[in-house]
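Worksheet: the structure to be examined is printed underneath.
Per-chain numbering from 1; labels A, B, C and D assigned in written order.
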Amino acid sequence: MNTTTPEFERVAASLARQGMMQPLGVRLLRAERGLVELVMPYSDKVTQQQGGFHGGAMGALADIAGGYAGLTVLPEDAEIVTVEYKINFLASLQGGEVRAIGRVTKGGKRIIVTTAEVVHIDEHGKQTPCAVMQQTLVPVPKTY
Amino acid sequence: MNTTTPEFERVAASLARQGMMQPLGVRLLRAERGLVELVMPYSDKVTQQQGGFHGGAMGALADIAGGYAGLTVLPEDAEIVTVEYKINFLASLQGGEVRAIGRVTKGGKRIIVTTAEVVHIDEHGKQTPCAVMQQTLVPVPKTY
Amino acid sequence: MNTTTPEFERVAASLARQGMMQPLGVRLLRAERGLVELVMPYSDKVTQQQGGFHGGAMGALADIAGGYAGLTVLPEDAEIVTVEYKINFLASLQGGEVRAIGRVTKGGKRIIVTTAEVVHIDEHGKQTPCAVMQQTLVPVPKTY
Amino acid sequence: MNTTTPEFERVAASLARQGMMQPLGVRLLRAERGLVELVMPYSDKVTQQQGGFHGGAMGALADIAGGYAGLTVLPEDAEIVTVEYKINFLASLQGGEVRAIGRVTKGGKRIIVTTAEVVHIDEHGKQTPCAVMQQTLVPVPKTY
């Protein structure tokens, strides 16, 4: 984990402003140009009715992983808005944590396309793919 | 609001088991065969970096509105799993609440397709469409 | 069928330029502000390996139904580009024809969201839903 | 190009039955377990109103690239059906050809998830990404 890159500082500052990500326990692991990795630990605030990670929680994590990946390719005075995303769920596990890696597929002035993958990591380090997302973003002027 | 329908009891019982929906403050408003309506009030647990409702929160709400609409057309011994969804975001507002209405587009033994719309309602009752979703579900045996 | 509306003329002129739609036999049925209906007859140029309407053919039809619905809400000097779409297939039938109705869900200066439904109509007029689509468009300057 | 693999024979046999792919000029380039590559040459049967490759043609190509990738991981007595797909368009070029590579992201007994990428190749071999797709498939019994 390298907390000294400009991308890391920028994404971390934005993430700290996201009220929703505090109860979910989401933390930033990595931010480079075109790539962002986030982690969300298992807790009773991220579960669905069968006790596994909630699709909504994994969807929210994938959404911001892709969104922040998009942010890293924009100038400093720009913000990013999610136009839409599509997510497939592959598994829902309990315990451990899930990580989402967002990647820019195509940057552009008007439209940015990203993908994200969500992987579960259990207490022994075993990894299981849980979700894959494809997303469309647009840049907007930063207003704060 | 009619809390006496069998669909309402069934969805409410499942919703109470979703850990994630407690901090988000999600409540069930309506459940009929093929239609479910949920509400999520504005709070600091549902916001993005600009203070509006988080896309991840609206996505999670739409996901379960569609999922529970699908549940209402299944036999009692069945549960529902989200295969995937796609959501477009139209607006992100502050204050008030958002409601999601999920509807079954096509029921089936193997695959159920639903849509959901998310609408913001401000303190004066003004409604603004915020998101539209299209979703694929599969029935699975209930294990709890 | 009303061929005298300005929307009909505009969409028909654009459709005539689409090389792909000629072998598929696609014709314009209806064009109003925010709504376009197209028809594609069954033939050996639109089939998949089991003899039913090809998902690719229904997808292409839904794509342009949504896209042209978006075009009808734009000024005359603008063209429309499909950013992305998501389509669920509900059935694939043989014979008769399929019709696609595209509708604007939300118009905007930068982003337009539409939906389309594809319905099969057999020789006796029986209708069967075959696909539902959700789509994102952007306006661009017309260059021809 | 290796036409001797069992996967190649199987996919080629199915492709030959797809009426729609004949006028589009689609040919199979490669088929391995979990991966299929197809090509579609530029012609007046694959164009949109501005003369570039039609999104509907690229969508159809991506759809079957993903679908056939899914087929290669199924037993011989099974067929594949597309439940849904989502496709982002990145560019639309003229001339040359487009190739689509479909890959299985996750195989399963009930649900298969794939991705496909569509790339344009011009007369000089220059490659330009044109579309990315994410898709859900289900196996069904083969009936022919």
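Quick notes
The rule is short, and it goes like this: a contact is a pair of C-beta atoms (placed from the backbone, for glycine too) under 8 Å apart; a residue touches a chain by one contact, two chains touch by 3 or more.
Only a predicted model underlies this, so the values are computations on that prediction, with no experimental measurement involved.
Of all chains, the one whose Cα centroid sits at the greatest distance from that of subunit A is C. Across C-D and B-D, the chain pair carrying more C-beta contacts is C-D. Although subunit A and subunit B carry the same sequence, what matters here is overlap: shared residue numbers make up over half of all numbers found at their interface.
Averaged C-alpha coordinates put the centre of subunit B at 34 Å from the centre of subunit D. Centroids of subunit C and subunit D (each the mean of its C-alpha atoms) stand 21 Å apart. Contacts with at least two other chains are made by residues 83-84, 86, 88, 136 of subunit B. Taken together, the subunit D residues at the contact with subunit A in this complex read 86, 88, 90, 105-106, 113, 115, 129, 132, 134, 136.
Put simply, subunit B touches subunit A in their complex at residues 14-15, 17-20, 22-23, 43-50, 54-57, 59-61, 63-64, 79, 81-89, 143-144. Put simply, subunit C touches subunit A in their complex at residues 83-84, 86, 110-111, 136, 138.
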